[in-house]
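One chain, chain A, links the two complexes that follow: it is found with chain B in the first and with chain C in the second.
Let's turn to the complex of A and B:
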């Protein structure tokens, strides 16, 4: 089960992820990010505090947009991942390719 | 002790698979990180089979058996679909995946990095993928 809520904060468009991302629902994450890019958003923040699990289907969604973020100068940040979810990002080396912050405060102040 | 589950080939069955693994992976030597990563590796193999070998056909099924033996956990995944041998699959370069804006290919990397041994055999239309994780006892 995955819930995605969107809101505006400090100039960022925030996507709050809650639950588990897998191959059955990663399309929801994909559509949400795609829409933010299409709407011309230049600052996207992923709130991962409620993210309990993410499989390669969800990680692949982030991966597939990294090039677009660079090309379109979109500031893309993730924060609040639990230790065990962050570990999965690290196994793939995604922590080297994405701006991942421990909490919202650090994500917004850096 | 042995634990088994049969799931049908639709991606919604993956949540059911995780529930089963949550109930099964209660061994005291497993950390929270171990539990999540083992679940992830098994799910990645099953998701691949569901999507690529069975075309999400809910009439097809996959069997998973979890076996505990001294110093290791064995996850045996069997199906009767198009054989997909993980071992033949070359790990893609992450920078290349990023450059090509691809969504796929990461699952196999996770399985290979998380598991200590992977075995595959295909006999008389049945494919068996064995994922093995060693533990210090």
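Let's turn to the complex of A and C:
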């Protein structure tokens, strides 16, 4: 189960992820991010506090937009990942390519 | 073994009947001789009666056999048999009548022996006609029999048997007891005559024929009766064979049943066509419900449906519109109508004001049958019959008639029954086809599974310095896990384990690409770092946008007792150090293949060389192992695997691998299914 909620905060467009991202629902995440990019958002913040699990298919979604973020100069940040989920990002090496913050405060202040 | 000649019963009884008849004739003639010459022949009258009864019984047995042998007799055949016997009996007696007519007052005409001979012939033929007809009536009466009717018939047969012997009590006189018996038997015969269930099953033509035959039987019956009554008062016949309760009641029975049948058939004639129609409908319905056979397809079901609907509603023309997958409409089965007329009518129907629902929705969303009037030079009414499966329209039948309001409720009811039955058949056919298709996909997947299994090495390269064991399992038929080995030279071996993002068929394709890349690049004698950089560059052009592959690569040098390791985003590998008696994950940075598809990837590759000692163990695995969950939703996890390796470190690689996988299965639970591909490769250094 994956729940995605969107809201505006401090000039960021925040996507709140809740539940698990796996092969069956990674499309939802993909669609949400794609829509934000298409709408011309320049600052995207992923709230991962409610994220319990992410599979390789979910990671593939973030990975596939890395180039887009760079080309379009989009400020893309993730915060609030649980230790387990962050470990998955770290093993794959995505933490080297993405801005991942422990909490919202640090994500916004940097 | 003596085989009983069963088939001879008929012939035997026939022979006996003839013999008994001859004996009867002989006895009576002898008696006549005695009377004429005033000598007591000494033959009691009872003797004649016994022979007469025997004759009746033999005829009965003969006909019982001969009719039951041809048990597939149709009604018309049965009636014809009775009629023809009657005709024959009448013809013979007419012939005798004419014979005497031609003799006039000659001496021969007065000859008592000849007269008695002819009397016996007449008696025999009449008896045969009556008994055979009675047995034929039995077949008609017992058609669609109930227990009650069978009982009635048995009672009648017993009563008739009694009537044969009645003569012994009554001495052939017409008294009250005779009258009583007659009334009883005639009454029983009349009750039985009410069983006429066979008549509705005759077709119109057959009814006319049966009327003719029944008429013949009635005439024959009447004629023979009157003729036999003619013998009663003549003194030249010493014994009266025919004034017999048995024969007279049989006359009454044969006549009454024939008369009832005749009248009922006659009055059934006008409604015959309706009954035939109902029968056709029943047969159509049966055909539709049985049309789910391997050799019949959807087209044939619809064909039967069209025929059935048209005959049920007496339509003057019809066609079928089927919705194709691309939403267009396919016109099929144009019956008694040409394409041009059909187009005209289609246009008229779709613009018709009385049409319920939007005219543009050609195959109306509403699934009720509706009748509409149309303004066409030839046709005046149309019936729209939608076909639907699970309330989803699949097409419709349009039937047209040359008269206004030509479709009544009866027709609409029957048509809708046909349609719903046919739709079930069509649905079943579609489901069957779907099942066959699925079966084929399953087969294809099995082939893919075999091909993929063949991509994993059956023999793992190694030398005496280490032993190695590997295991892999896919969550679906095919998976995205990969492991392989390569022998660079006698002392240097490469091991690789990889995991394609996602699972199933797409992952399997990428796994095959990974194998190709590994087997070609590794021959270039590359360092782990160079291998990963080149593999990333190659995969960047192969992988679809959101897919990546993680690998761990080890280059083992058994001469130097080292292994060089690089990790491309793969789960860290587990190393057991025999000196420290401790296991730990090999910490090293890295990035999955296909994530950064440019030169920048080089910045994210790291390689490290470790030395090993005898007893050291390497466990390479994929994330399916540590992410496997038990019933409580708890993951197997890194720590559990790490501590388990310390427990099993004494064993060889094969045993360690088996123990670890068994522990994993045990953790997940007996029936728990691991929802990801999981693989493991265990190396133990000697």
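The criterion applied here is as follows: the second predicted complex is superposed on the first by the 110 of 110 C-alpha atoms of A that agree within 3 Å, B and C clash if a C-alpha of one lies under 4 Å from a C-alpha of the other, contacts with A are read in each partner's own complex, and residues count from 1 in each chain.
The rule is simple: a residue touches a chain if its C-beta (ideal position, glycine included) is under 8 Å from a C-beta of that chain, and two chains touch if they have at least 3 such contacts.
Remember, predicted model here, so these are calculated numbers, not experimental data.
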item: Partner chain in contact with A:97 - chain B first, chain C second, else both or neither; value: both
item: A:14 touches, of chain B and chain C: first, second, both or neither?; value: neither
item: First, second, both or neither for A:1, with chain B first and chain C second; value: first
item: Chain B versus chain C as contact partner of A:83, first or second or both or neither; value: first
item: Residues of chain A touched, compared between chain B and chain C (which is higher); value: B
item: Chain B and chain C footprints on chain A, overlapping residues; value: 23, 30, 55-57, 59-61, 63-64, 66-67, 84, 91-94, 97
item: For the chain B and chain A complex, residues of the former touching the latter; value: 10-12, 14-15, 18, 32-33, 36-37, 39-40, 43-44, 47, 50-51, 94, 97-99, 101-107, 109-110, 113-114
item: Residue ranges of chain A in contact with chain B within the complex; value: 1, 20, 22-24, 30, 53, 55-57, 59-61, 63-68, 83-85, 87-88, 91-94, 97
item: Residue ranges of chain C in contact with chain A within the complex; value: 499, 501-504, 545-548, 550, 568-572, 589-592, 595-597, 604, 623, 635, 676
item: Interface residues, chain A side, partner chain C - complex; value: 23, 30, 55-57, 59-61, 63-64, 66-67, 84, 91-94, 96-97
